[in-house]
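Next come two complexes built around subunit A: one with subunit B, the other with subunit C.
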Partner chain A sequence: MPEIFIDGKRYEFEGKPKLLQFILDNGKEVPFFCYHPEMSAPANCRQCYVKVGTPVQNRETGEYELDENGERVIRWFPKMQTSCSMEMTDGMVVHTQETSEEVARAQKDTMELILINHPLDCPICDQAGECPLQIQTYKYGPEGSRFEVKKVHKPKRVELGPRVTLDAERCINCTRCVRFTEEISGTHQLTISSRGDKNYPITAPGMEFDDPYSLNTVDICPVGALTSTDFRFKARVWEMNQTPSIDITGGKGTNVDLWTRDNLVLRLTPRYNENVNTHWMPDEARMAYRKFNENRISRPSIKADGNNQIKTSWNNAIETFAEKLEAVKPADVLVLGSAHASVEENYSLMKLFSTWGVSDFHFSPDVKEGFGDDFLLTDDQAPNTNGVKALGFSETSAEDLKAAIKSAKVVVLLNDELVDRGVLDSEDLKKPFVISLATNETETSKSTDLVIPITCIAEHAASYVNVEGRIQRSLPAKETKYTHRKLDLEMSEGRLDRYGTNFDNWVNEDNKVDCTPIWELMNNLGKRLGLSVQFGTSREIMDEIASSNSSFEGVSYEKMDDENGIQLTGMNKEEVSA
Partner chain B sequence: MANNYEFTPEDLKEIETIKAKFPEVMPATLPTLWVAQRRFGHVEPEVQHLVAETLDLPVSHVHGVATFYTQYYKEKMGKYVLDVCTTTSCQLCGGYDMLHYLEEKLGIKAGETTKDGMFSIQSVECLGACGYAPMMQITNDVYVNNLTEEKLDEVIESLKADKMPEFESVGMPQHTERS
Partner chain C sequence: MSFDWKSYTPVIIPDIPNLHEIDVYTKNGGYDSLKKVLSNDWDPEKVINEVKAANIRGRGGAGFNAGLKWSFMPKPDGGPRYLACNGDESEPGTFKDRKIFEYNPHLFIEGALIAAYAMQCSAIYVYIRGEYYSWIKMMEKALKDAYDKGFIGKNILGSGFDVEFHVTGGAGAYICGEETSMLESLEGKRGYPRVKPPFPAQKGLWGRPTTINNIETLSCVPLVIKNGADWFSGIGAETHPGPVLYGISGHVNRPGVYELPTGMPIETLINEVAGGMRNGKKLKGLIPGGSSTPILTAEMVKGTNMDADSLREAGSMMGTAGMIVMDEDTDMVEMLWRISHFYHHESCGQCTPCREGTGWLEKILLKIRNGDGEIRDLELLIDLCSQMEGRTICALADAAAWPVRYTIDRFRDEFEARCKKSTYALA
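Here is the complex of A and B:
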C-alpha cells in the first residue's frame, strides 16, 4: 500500500486523496480558507502551505536512492505547495507548520497579506466567534500588522438578494460562495468582480441572489462578508447554545442545529449528515425557527360563547376532553394523526385511543406537486409522512376527511394546519366537538372547541421518518414551563444558560411556553378515563414501538445517535415514489 | 433586463467562428466581448447580458470577465480613449505633465469624457513601452510615443478629423547602430 510521511509519521493511503483532506481526516490541522470538501479546490487563498518532497528513485531499477546514513534521498519541491490541491504519491514526505519553521513562517506571512485589507471590526462582526479567519489568525497569524496606510474601501451593506447581505471589505476572495452557486446549487448567480485588491463577490448587474439555497453561502463564508439578513446583529455566537435537530418543513429530513438563547430559537444551520443533506439546507427551512417562538399556544383554551376562545386550566381541559369522550361511543370519535408530528406523538395518541376503543385512524398527507427539486426540497411538505403510515394511520383524501368529520361527534386533531393549508374549511369543523392538540395559533386552532398546547420539535426529543425511510430524531432545545435545562440531561447549556440567573436582564420567563409533550397529556387523560395506559419518556416510547411494530425493528435513540439516523428496512425510495 | 442592443448577422457569424475555435463555450467570452466592444464602443451591463445570452453562459461569468480586464469599457466612453501612461518611466519623463496638458486642453479630468463624446482620458499603468516614455495608447490600439505638448496638439487635431495617427516604428538601439 502506498505510504506517506507527514511530520515524520508514516501513514498508509489508498487511491489518490488530496493532501489537505488526508491531513484533516487523520486528526491533524493545517490552516485553510478556500478549500471545502464538497467543492473543487482552486487553491486561491494560499493558506494551506506545506513543504513537500518526493524520494529520489533510480530510473532503471526503480529503487530509492539512499544517502550515506541509509536514509532515502528526498527531492524537495522548490516552493511551498498548497496542500488542498496536492495529490499524494507513494513515499511523499510532508512537513506541516508543526515540524517546519519555514512552513509556519510562510503561513504567517500569507495570513499577514490576507489581513492587509481586512477591517478590524470583529467586535461588531456577526462572524466573530465562529470565524475561521479570526481563529486561524489567533493560532497561526502574525501578532500585528505592519501595514500602515489606509485600507481599501469597498461597498458595505450590499443586499445581494432577499436573504443575504454582503460586506465587501471583509471578503478575502476565497470564492467559496461563487463555487457554491456554480457547483452545488447550479444557479451561477455570483461572480468575483474586478481584480487585485478591489475584487469582491457580486451578482451580475440587475440580477438578484435569490437562489433557494443562498444562505448556505453565509455558512461557508470563512469571514463575515456574507451575513444572513434575517439573523445579522441578533446574537453573538457565544451567547447561544446549539442543539441537534431535524428540519420539519419538508420530507427530506435535513439535519439541522437549533441555536437558542434564553429559550428562543434564533437561527437554524445545517448539520453534516453524509446520508441526507451533507453540508447544506434550503433557505426555506431556516425560517422554521419563527414557528418555534411566535404564536405559540400557551395554556389550554376553550370555546366559551360564539367563536371566542378563553384560556382555561389544565384540569378543566382534561376534564372537558374526558367528558366529551365519555358522552359518545368510540365509533363516533374521529382521531386524526399528523404527518407534521413525530412518530412518538402519533403513537401515543393512537395507543390511548385504540385502548379506549377507536379502531380507525386517519391522517391527511401534505404534498405539493412540483415543489421538490433533485436536491433538498421535496414535494412532501411534512417531515413524517412515512412514519405515520408505518404506524398504521390511513392516508385520507380531503373529501373523505370532510365526510368523516360530518358523521363524527367528537374529532381529535393532532398538530396539523388543515384549515390553513386548504384541506378543510373552518365551516367543516363547526358541527362536531373538535379538540385540537396544537403547537401554534393558526386558523385551524381558532376553529376548534378545545385547544390543548403540546410541545414542538424544539422542546422534545422525538423521531421523524423522512421520504427515504430514514428515521432521525430531535433533542430538546427550549425549556417549557415544566422542564429544566439542568435536570434534563438531553438539553445542552450555553454559557448564559449555565452562568446566568433569573435576575439577569436577559432572562425572560415568558419565553417558556406552557405546554406538555403529548404523551404526558395522554397519561393524564388515560388516568382520568381509567385506562391502563402509561407512557414514560419518548425514549421509552420508541423502545416500545420498536418491539411492537416490525417497521421500526431495531430502532432506538442510542442507535439513531450513534449512526446519525437509521434507514428503516422495507422503506426505500422506489416504494415511496410509487 | 430589457435589452436595447443587438448583434448584426455579421457579428453573429464572427462569434460562431470564434466559438468553433474552442472545445467549450467559456473561452469564447473574451473574444466575443471584443466583438461587442467594437460594435457598441463599450460593454455596459446590457451588453454583458447580450453577450451572455448569445453564448448561452451565465451573466455573472461574463460580468466577472468584463470587470477583470480594464481594457473592456464598462461604461460609455468617448470615440477616442486616450490612455496616458503614468507608471515609473513615463512618470519620470513627464507622463503627468502630458496627462495634465491633455486635461486642460480638453477641459476634462482623467476618467471623464468630453461633452461631444469624442475623447475620454484615462491615467493607466505601464503599457510596456518604457523606452519611448512618455507615451499613450489610443482606444486600445495605436501607441503614440515620445509625447510632447506639440505632438499631443497634432494628435488631437488629426483625431478630430477622424484620422488615427500612424503606427510609429521605433528602432531598438542595436538597429540604429547597424543602419
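Here is the complex of A and C:
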C-alpha cells in the first residue's frame, strides 16, 4: 500500500486523497480557510502551506536512491505547497508547521496579510467564538500587527437577499460562498466583484440572493462577512448551548443543531450526516425555530360557552378528557395520529386507545406536489410520514377524514395543523367533541373543544422516520415547567445555564412552557380510565416498539446515537417512492 | 558585440508599405511557409522539431523554447485541441505586439496556423487587450481576408487540415495576460489564474489540451520555416537567438519599437538606436523587460546585452524586452510607488499574499513618498516581498515584489534620504 510520511510519522493511504484532507482525517491540523471538503479546492487563501518532498527514484530500476546513511534521498519542492490541492504520491514526505520552522513562518506570514484589512471588530461580530479566522489567528497568527497604514473600506450591511447580509470589510475572499452557489446549490447567484483588496462577493446588479439554500453560505463563511439577517446581533455564540436534533419541516430528516439560550431556541444550523444532508440544510428549515418559542400553548384550555377557550387546570383537562371518553363507545371515537409528531408520540397515543378499545387509527399525509428538489427539499412536508405508517396508522384522504369526523362523537387530534393546511374546515370540527394535543396555538387548536399542550421536538427526545426510511432522533434542548437541565442528563448546559441562577437578570421563567410529553399525558389518562398502560421514558418506549413492531426491529437510542440514525430494513428508498 | 545594427533588415515588421493588406503580404512571399508545411513532406512532428531547433524563446517574458512547449501537447485523441495566442500585452513598458497587429498581422496569422498544424489544433484564439480596440478591428479584418483566401477554415489549401480562428478582446485586466487567467477570460469567466497542475497542455480551454504562445513568438514561426532553423538560431545571442522587438520608452530621444537581433548591448540601444538620452542627461536606471523585471543601475547596464544570460548575470531578466529608460532626474521613490500602484490596482485578489501585499506595499511607498516614511519601513517592504514571492498561484505577486525589492536594494540611499529617522523599532 502507498505510504506517506507526515512530520516523521508513517501513514498508509489508498486512492488519490488530497493532502490536507488526509492530514485532517488523521487527527492532525493544518490551518486553512478556503478549502471545504464538499467543494473544489481553489487554493486561494494560501494558508495551508506545507513543505513537500518526493523520494528520488532510479529511472531504470525504480528503486529509491539512498544517501550515505541509508536514508532515502528526498527532492523537495522548491516552493512550499498548498496542502489542499496537493495530490498525495507514494513515498511523499511532508512537514507541517509542527516540524518545520519555514512552514510555521509561512503560515504566520499569510495570516498577517489576511488580517491587515480585516476589521478588528470581533467584540461586535456575530462570528466571534465560532470564527475560523479568530481561532486560527490565536493558534498560528502573528503576535501583533505591523500594519500602520489605512485599511481598505468596503460596503457594510449589504442585504444580498432576503436572508443574508454582507459585511464586505470582513470578507477574506475565500470564495466558499461563490463556489457554494456554483457547485452545491447550482444557482450561480454570487460572484466576486472588483479586483484585488477591493473585492467582495455580490450578486449580479439588480439580482437578489434568494437561493433556497442561501443561509449555508453563512455557515461556511470562515469570517463574519456573511451573516444571517434573522440571527445577526441576537446572541453571542458562547452564551448558547447546542443540542443535536432533526429538522421537522420536511421529509428529508436533515440533521440540525438547536442553539438555545435561556430556554429559547435562537437558531438552527445543519449538523453533518453523510447519509442525509452532509453539511447543508434548506433555508426554510432554519425558520422552524420560531415555532419552538412563539405561540406555544402553555397550560390546557377548554372551550367554555360559545367559542371562547379559557385556561384550565391539568386535573380538569384530564378529567374532562376521561369523562368524554367514558360517555361514548370506542367505536364513536376517532383517533388521528400525525406525521408531524414523532414515532413515540404516535405509538403511546395508539397504544392507550387500542387498549381502551379503539381499533382504527388514521392520519392525514402532508404532501405538496412539486415542492421537492433533488437536494434537501421534499414533497413530503412532514418529518415522520413513514414512521406513522409503520406504526399502523392508515393514510386517510381529506374527504374520508371529513366523513369520519362527521360520524364520530369524540375526536382526538395529535399535533397536526389540519385546518391551517386546508385539509379540514373549522366548521368540520364543530359537531363532535374535539380534543387536540398540540404544541402551538393555531387555527386548528382554536377550533377544538379541549386543548392539551404537549412538548415539541425541542423539549423531548423522540424519533422520526424520514422519506428514505431512516430513523433519527432528537434530544431535549428546552426545559419545560417540569424538567430541569441538571436532572435530565440528555440536556446540554450552556455557560449561562451552568453558572447562572434563577435570580440572574437574564433568566426568564416565562420561557418555560407548561406542557408534558404525550406519553406522560397518556399515563395519567390511562390511570384515570383504569387501564393497565404504563409508559416510561421515550427511550423505553422505543425499546418497546422495537420489540413489538418488526419495522423497528433492532432500533434503540444507543444505536441511533452511535450510527447517526438507522436505515430501517424493508423501508429503503425504492420501496418508499413506489 | 561588434555587430553593425544599421545593416540589419527587419523581418518581423519589414519596411514594406501596406504589408497589412493580404495581397501585399502574399506578393512578398506571405503564406509560403504555410503552403510549405501543408505540402506532403512536412508532418507535424517535423514542424515541431524545426521550431525546437530554432530555439525561439518565448517573447512573452518567460523565455521558454516554443518548440519544446509545443511538444508537451498530448497525442491527439480525436477531441478538440486549442492554440491560444496571448496578445494581452498589459505589462507596463511593453507595446510590441500592437506593431505586429498593425503592420504585419498576416505574419502572426500564418505563424499561428503553422503552430496549430504542428499541434493538430482545431481552433485558434487570439486574445487582444481591450484597450487595443483599433487593433482588434484590424485583426478581425486581417482574419476575414485570410478566411476569404482560404488560408483559414476547412481543408486549408487542399491539405485536409481544418482550423478555426477567433479574436477575443479583453476587458482591461492586467491579470488576463497571465496564461491561465487568459483561458478563464476566453471561457467567459472572471480572470482568475488557475492552479497548476493540471497544466494547460493537459487541461486548458474548456478542459482540453491547449498551448498558449505570445504573438511575437508565433510571428517568428513562418520565418523559421521559410529560412530554416539554422538561419534563426544564427541571429543574435547564441542562447537566446532571433530577431526581437525592443520597445524602448522613457527618457530617450527616439522612443519606439525597434526590431533588431537579440543580445544587443543596452548602451547601443539607448545611445544609438533610440537616439541617446533626452536633453543630454545621464542614465540613472533601466528596467529591461517590462515593469516587473528588476531595475538595473547605470553601472550595471554597462557591458550588458539584451539576452537572457547576459541580463541574468547583470541581475535582471529579459522579460518582454520593453525597456524603460530613466535619466538622472528620475525620482526612484515616485517611480516605484507608481509601479506598486499599478500592481495593487491590477492584483486579481484571488490569493491572499498578492491581494493584501500589493496594497500594503503601495501604501507604505506612498507614505515614504510623502515624506512620512521611516527607515524601518524599508525593512518592512523587503520583508513583505519575501512574504509574497513564490507564495501565490500565478506570478503577479512576484511581479509586484521584485521591483520593490530590487529598486530599494539598488537605490537604497535615495529611499533612506526620503525617510524620517526612526525612533522606535518595528513591532
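What we mean here is this: the second predicted complex is superposed on the first by the 578 of 578 C-alpha atoms of A that agree within 3 Å, B and C clash if a C-alpha of one lies under 4 Å from a C-alpha of the other, contacts with A are read in each partner's own complex, and residues count from 1 in each chain.
One rule holds for everything that comes next: a contact is a pair of C-beta atoms (placed from the backbone, for glycine too) under 8 Å apart; a residue touches a chain by one contact, two chains touch by 3 or more.
Just so you know, these numbers come straight off a predicted model, no measurement behind them.
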Since both structures carry subunit A, what do subunit B and subunit C do when superposed there: clash or fit? clash
In the overlaid three-chain picture, which partner chain does A:Pro205 touch, first (subunit B) or second (subunit C), both, or neither? first
Looking at A:His188 after the superposition, I want to know if it touches subunit B, subunit C, both of them or none. Which is it: first, second, both, neither? first
Counting touched residues of subunit A, say whether subunit B or subunit C comes out ahead. C
Just to be sure I read the superposition right, which of the two partners does A:Ala106 touch: subunit B = first, subunit C = second, or both, or neither? second
Name the contact category of A:Asn117: first (subunit B only), second (subunit C only), both, or neither. second
Figure out whether A:Asn524 sits in contact with subunit B (first) or subunit C (second), or with both, or with neither. neither
Which partner does A:Pro42 contact after superposing on A: first (subunit B), second (subunit C), both, neither? second
Can you check which stretch of subunit B gets into subunit C in the overlay, out of 7-15, 115-123 or 169-177? 169-177
Overlap the subunit B and subunit C contact sets on subunit A and report the shared residues. 191-192, 194-195
Quick one: which bits of subunit A touch subunit C in the complex? Just the residue numbers, please. 41-47, 49, 78-80, 85, 106, 109-110, 112-114, 116-117, 144-147, 149-150, 152, 172-173, 175, 191-192, 194-199
Tell me, which parts of subunit C touch subunit A in their complex? 173, 175, 190, 192, 195, 344-360, 363-364, 366-367, 380, 386-387, 390-393, 426-427
Using the touch rule from the top, collect the residues of subunit B that touch subunit A in their complex. 1, 45, 48-49, 52, 58-64, 67-68
Subunit B contact footprint on subunit A (complex, rising order): 181, 188-195, 202-207
